[in-house]
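Note sheet for the following structure.
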Amino acid sequence: MPINKEFKPKIVAFCCNWCSYAGADLAGSSRLAYPADVKIIKVPCSCRVNPMFILRAFEKGADGVIMCGCHPGDCHYSTGNYYARRRMTLLFSMLDYMGVENGRTRVEWVSAAEGVKFSTTMNEFVEKIYSLGENVRLGDLRCKK
Amino acid sequence: MCDCDCHKNYNLDTLIPLVGVITDIKEQTPDVKTFRVNALEGGKLFEHKPGQCAMLCAPGVSEGMFSITSSPTNKEYQEFSIKRCGQLTEYLHSLKVGDQITVRGPYGNNFPVDTELKGKNLLFIAGGIGLAPLRSVINYVIDNRQDYGTVDILYGSRSADDLVGLDEIQNVWMNTPGINVHLTIDREQEGWDGHVGFVPSYLRELEFSNDKTVLVCGPPIMIKFVLQGLQEMGFTKEQVYTTLELRMKCGVGKCGRCNIGSKYVCKDGPVFRFDEIDELPNEY
Amino acid sequence: MQRIGVFVCHCGSNIAATVDVKKVVEMVKTEPGVIHAEDYQYMCSEAGQAKIIEAVKEHKLNGLVVCSCSPRMHEATFRKCAERAGINPYMVEIANIREHCSWIHKDMDEATEKAVILARAAIAKVNLNAPLQAGESGVVKRALVIGGGIAGIQTALDIADAGFPVDIVEKEPSIGGRMSQLDKTFPTLDCSACILTPKMVEAAAHPNITIHTYSEVENVSGFVGNFTVEIRKKARSIDMDKCTGCGLCQEKCPMKKTPSEFNRGLGNRSAIYTPFAQAIPNVPVIDRNACLKFKTGKCGICSTVCAAGAIDYTQVDTMVTEKYGAIVVATGFDMIKLDKYDEYAYSQSKDVITSLELERVMNAAGPTKGHLERLSDGKAPKEIVFIQCVGSRCADGRGKGYCSKICCMYTAKHAMLIRDKYPDVNVTVFYIDVRTPGKNFDEFYRRAVENYGVNYVKGQVGKVIPQPDGKLLVQGVDLIDNKQILKEADMVVLAAAIEPNPDVRKIATMLTASIDNDNFLTEAHAKLRPVESPTAGIFLSGVCQGPKDIPETVAQAGAAAVKAIGLLAKDKLMTNPCTAKSDELLCNGCSKCANVCPYGAISYEVKEINDHGIRETRRVAQVNNALCQGCGACTVACPSGAMDLQGFSNRQIIAEVDAICR
Amino acid sequence: MQKIVERAKELLADGTVNRVLGWKKGDMCFNPEPAFFETAEDLDENFVYGGFCGANLSKYMIDASKLEGKTLVLLKPCDTYSFNQLINEHRVDREKAYIIGVGCKGKLNIETIKQSGVKGILNITENGDMLNIETLYGNTEMKYSDALLERCHVCKGKEHKIYDELIGESQDTSDRERFAEVEKIEKMSPEEKFAFFQKELSKCIRCNACRNVCPACSCRKCVFDSTKFDSSQKANTDSFEEKMFHIIRAFHVAGRCTDCGECSRVCPQGIPLHLFNRKFIKDINEFYGEYQAGADVDAKGPLTEYTFGDCEPSIVKERG
Amino acid sequence: MKKIAKSNLSALFAKINETKDLYVPVKNGEQVNFAAYSEEAEVDLTALKTVKSPKDAFFPQSENLYTCFNEQGKISITPEELQDKDFVVFGMKACDIKGIEVLDKVFLSEPVDSFYAARRQHGIIVGLACDKPEESCFCTVFGINPAEPTADVAVYDDEDFLYWNALTEKGNALTETLCDLLEDADNTAVENKKKEITAIAEKLPYANLSLEGWNGDALTEKFDSPIWEELYKPCLACGTCTFSCPTCQCYDIKDYNTGNGIKRYRCWDSCMYSDFTMMAHGNNRTSQMQRFRQRFMHKLVYFPANNDGMYSCVGCGRCVDKCPQNLNIVKVIKAFEKGGKA
């Protein structure tokens, strides 16, 4: 598939306040670069991420959505990411089932100490989205200018 | 585009709004502001008749129907008195002079100022923000004073601070010959030497003669007791008009929202005579 | 509708070197709700904050967006600043344009564009922010400790020493717990009673400690700082104030054949009894199931012999209701039941015993007065086999998946003590692994092997077969020599797994404390908050949280005490205002939210709801703000969207998504 | 059927129940409607229980639970799962229901009959394994088993999960693999999958019948009707909205859906909506262990539970 | 009278499609709905009733009204363009065409709805006589003749041919453009077909449904009847009946937020919904009974009251076929006939 040079993907990253957001901060203070296409939204816990938010992002023109949380067992709220994990597994499976490329969604567990992981994850994810190109299957045409 | 005539009404389709600009804001009570709206190029957005409404919309926020409170005799602008009570009105109250909104209308029928009301003695009864639709008629009547008989205005509110447009009432209406204004507030208040008590009870005290045509607007409970009072005083339902407005959505009697029985509030209303309301099924 | 001010920080050159700060200011000015935008060298400095305060006053702002470093750095700073400016601290949002932008991007255009988008998202959020108030709740300055073993006693002592009243609730007639049943303790071989008894006495004498023995927690309501607990004091049939503890009643009691719980059923006690000599309180109870007076109405000897007139057959259970600020759970453990391990012939032979039973056998106050003898025939054993990991580290689901942690050490202790006292007795230990992490632990184990000649065999025992001659045939494997072992033993000792006290599940439910599949109470964080339950105000002491030996238990008991003291020392608790909130009109009362709440913060109330004029009695969710920590799990579990999180509401997050994707 | 009427009359007469929730004869043999009966006469005259009584009555018990006294409700085996789930979610009051579990030998789908080319149906009579169909254009016949609802072909079994008493015999109707259709789609390429669902969902007219009939969709106010998520939609103005609605609806009932099949039964456009719910059920079974919503009234449900060792979302990719 | 061999229909469709938009009944899975013609589309003229009525050719389920941009506080409004290309709806049945007449009463009455009016002006209806009326049909009750679609062109399907009879100027004009494909025919086949249809129509189970008592004057009597309380109970409050109905014309006006403005659209709404035309102060009809009553009262009482006795039901029977719980307007009429309790 030819990669469109003009294509600037929109990528939404949901990060939990306690681990992944701090991991992203660490990536920042360690100057570990990743593409500017990634925009982070802070949530208290990965379990706050409603599937509705993810679909909403796609609707409004996001090309990829990634959710980061504490590693299983390390959730600040003990159990939040366990629920998030189940929810996202099912949601992603459903999107895949409906023919939406499964590379557009991802969950990664990033601790506050894993700045490097945060950065490499984002680099990988953005690269993947570039290779997939623009999201056409799950967007709302009215949002395209 | 084809050469058919279907585009004749293109810009007149009443579902397409006009952009209005707010040119003046009067803070009338702690929760009521009166907005003056002009077309972008100046002048009025459209002509209207007393009692008609318009749909004001803050794009992306919400849309709502408000009665036009200025009189059609005002050639420069239209006014809307809006009480803060929800998301849209909250937003409208945050607007400043120069801000834009969209307006579509005018919608609905009007008080029959040129027919049934002509030459009659008039009694206006309003409570709180209910003065807004009547104000349009009152000013119309003042501007065409010769066409009408006596005019009595009974207006009440929770407190003196909640009387909408007190300025105009005192400076204009009270100074117009042949117009009697009766103000009342619900509870005693320092600095208020006027009447204290609810509108319906003040109505009974005033002992109007029943040769008047009455225009009522206010909270449902007030209307109910006013109507009772009027009937006791010998008024018939055919003499009393009111306006129902909250039910409208499209404004043109098509969307089905305002349907009560075989009537559409947008088209057959919002102004109804009480005997007409009686014929409606009990669903409002 | 908000009036928002946007403040863009240069952070020296940290931000300004890669983000065109002036352009950001220009771009955000037209965003909905933005009244004012400006930039400054260091927004967090006094001068920067002064600018914010000034702008708030000048433009009547009610919402702030600060584009600066991570909120983890300065969110608190700017919230305080907002407060000083007279606006609600929760009307502030930070757009992280340093860590998430300027520091990781090189291209100025790209970074500037991203900074604008991040600012937009923050603005979109503030547009939907609502002022939030941190709630306050008082703290009852009294603690409850559930369980009167060494963990509970230590916790209670520490809290009491800090000056707070503590109540201990113990379901047995005496405090002391498992430790009181032990003979010696590893690795120093202290006499257990010698070190425990002084603690028990101290607790009993402490002016700040009230001990409710023979009592159980019946009901718990309330929340952190304000628990109300109902305690059932079971009828003791003895007037505690009158009893002198002379012991005559026990001596004269005709019903002496009741199995003694304290001796694990190996010995007997009377129907009126104190579990052991050092019992605290030293007041007996009447076992109404065993007592002749209660069974037949005839007898009453104890009453006759009691000079103090303390016997009261008419006593009934009484309820005590008390308020507490903090609750420490120290419910301890028990040995698992061995009915699933009948290959070891525990039910078939009296000479197959558990390690805890061995403790009693070895104890001078025990059923054999401390003589090591076979319980079947009283003969001295010559050959003893210890079997490790009975029901621990069990993969087949019969027992426990976890390691009981203490068995390796106490088995080494038993082996060593036996070899020391009875050098002619051969001791063989079958083990899977020997685990001895701990101060002086491995040295202790090596002494058992090297100095005392205990025979350690790596391998498992498949079967113990009682022989007609009374011996026990032990079939095992030696994994190192890779051969079958058949050994005739006189006695087999099983290191049975320990499990949390079975009552703990009931207690956890009352406390809405979370509990794992093995019935251990869950800690708030495995590493960082090991002695706190996720449920605020509930602390964990001892084995109820996981297997522990005595020193660890005591350490954790102290830690739990400190946490409880920290709570009790506060006059007011500030509650996090970013809590979940249920919209009663939308709530279905389906309980999905409560199912995922780790804090037990959601309860249900059946109440009359006025839904746009329709009055209906409905079951609706209520969030206790004092308990809710604001994770948001409930908001996603709620299908109707009735449950929302203040400060991170659905609409706010969606607004951020929209702003980013715009 | 007579037995049911007799028993219902007894229970009405002795005051055990105040009303009966069952099916009322239609003006055609194939269009009975759910109805409440309060008198013996009404039952005698109008009650019906037959092959076309496919409607799941358990959702009506939400409102009936608010009425005075008990309601006698007739539940087919599969309906009892829904009822259990509603008890679990505190939406119905067990104490307000007297449940008669009625036998089921599979329910008929008039649409299936029509789709086989039969037009102008005037009457349908059961004749052993066959249906005799009388139409405006002559008579024809069809095998009973060929006219069943989709759900009956993958029946969960004829055991009632909750009842006060049982009346009537059941007959096993399951003759298809429950997850066969789902598996077929899973094997498709992403393009084929997308095309398949696009084609099906583009038919959706957003009539909300699937939602309103669904016993799991018992919210007082659906998120798609409220302003809470800014997601209120009344029409699919963009192909995205068709998907959004159905994905979120399926997600909200995931772990709660008993696979009662009502959504597919009622869809006027014949969209196989069960394929969404069943996909979630299949995934839940595979990922978190077999789970049947409504089988156990006290179950917590897979989305409000977890284990440490749950699979990661990346399993979706790994599975291919 | 003209005719065309059915084997040649695709040429006819292609020809129409050259200059005009063409909507035909298209089969998708087991369902047939009107859709834009394309070569790949599986055109199905045998289906008696499409699931959705073809009213959305004139009154689409959702249509944009205007776009509103809000940039830096300046609002600009761009109204949606009106239909300005001719289009043909091929294969509408007599009942659906009558349905359009009902819509005309609403949308073409003052103030005229210009979006609808433009579509009416540019729409050419090719009506298809009903081949095999079904048990749920009761159009004859409303005086509709299924054999005589009052369209611009009436078409009859008889064995190998479609017979083509232009009835209006628009119809003639369309016929002109297709003269290469159509050949002259006599009336015999069509007359026979009409007789056949009429004969079946008389045998329909609902043919004798009586509308006695249902008119504009019956307002209070019907409104206050206790029968509604019984009837509404099984209703799911879904919109199946409304959205498949050829005459339901209620709509909601909604805004779609595009980030820097809104797209205002209107979409079908159902008076059965609890959030019917939802606005801040709630629904006007608060109980499901009221909403249920509204739908039938509107069709059988309110509409006739305002439109010289014309009912806004055309007896197409879609709601009879499609109601998930088997409720429908026929049962309502029958219930009142019997005075309640079925």
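Chains: A, B, C, D and E, in written order; residue numbering restarts at 1 for each.
What we mean here is this: a contact is a pair of C-beta atoms (placed from the backbone, for glycine too) under 8 Å apart; a residue touches a chain by one contact, two chains touch by 3 or more.
In this text the structure is predicted, and so the values were computed from the model without any measurement.
K.L.:
Go through the assembly and pull out the chains touching chain A as well as chain E.
P.N.:
Chains touching both chain A and chain E: C, D.
K.L.:
Which number of steps is the smallest that gets you from chain A over to chain B via touching chains?
P.N.:
Tracing touching chains, the least step count from chain A to chain B comes to 2.
K.L.:
Which chain has its C-alpha centroid at the greatest distance from the C-alpha centroid of chain D?
P.N.:
The chain farthest from chain D, judged by C-alpha centres, is B.
K.L.:
Could you let me know which interface, A-C or C-E, is made of more C-beta pairs in contact?
P.N.:
A-C
K.L.:
Starting from the Cα centroid of chain A, hunt down the chain whose centroid lies farthest away.
P.N.:
B
K.L.:
Please report how many Å separate the Cα centroid of chain A from that of chain D, as a whole number.
P.N.:
Going by mean C-alpha positions, chain A sits 36 Å from chain D.
K.L.:
Please work out the Cα centroid separation of chain D and chain E, and write it as a whole number of Å.
P.N.:
Spacing between the chain centres: roughly 30 Å.
K.L.:
Mind checking the centre-to-centre distance between chain C and chain D? Centres are C-alpha means, answer in whole Å.
P.N.:
44
K.L.:
Give the residues of chain E that touch two or more other chains, as numbers and ranges in rising order.
P.N.:
Those would be 73, 252, 256-257, 259, 269.
K.L.:
Any chance you could list the residues of chain C touching two or more other chains?
P.N.:
In chain C, residues 596, 637, 650, 654, 658, 661-662 touch at least two other chains, as defined above.
K.L.:
By the touch rule stated above, which residues of chain A touch at least two different other chains?
P.N.:
Correct list: 50-52, 56, 60, 73, 79, 83, 87, 142-143.
K.L.:
Any idea which chain E residues touch chain A in the complex?
P.N.:
256, 258-259, 263
K.L.:
Chain D touches which residues of chain C in the complex?
P.N.:
583, 585-592, 595-596, 604, 611, 616, 619, 637, 639-642, 644, 650-651, 654
K.L.:
In the complex formed with chain C, which residues of chain D make contact?
P.N.:
My answer: residues 66, 88-91, 217-223, 226, 228-230, 252-253, 300-301, 303-305.
K.L.:
Of all residues in chain D, which touch chain E in the complex?
P.N.:
24-28, 31-36, 42, 45-46, 55, 60, 111, 115, 119-122, 135-137, 199-200, 202-203, 205-209, 211-213, 221, 225, 230, 232, 234-237, 262, 265-266, 268-270
K.L.:
Quick check: in the complex, which residue numbers of chain A touch chain D?
P.N.:
Contact set of chain A toward chain D: 50-52, 55-56, 58-59, 72-73, 79, 82-83, 85-103, 105-107, 137-142.
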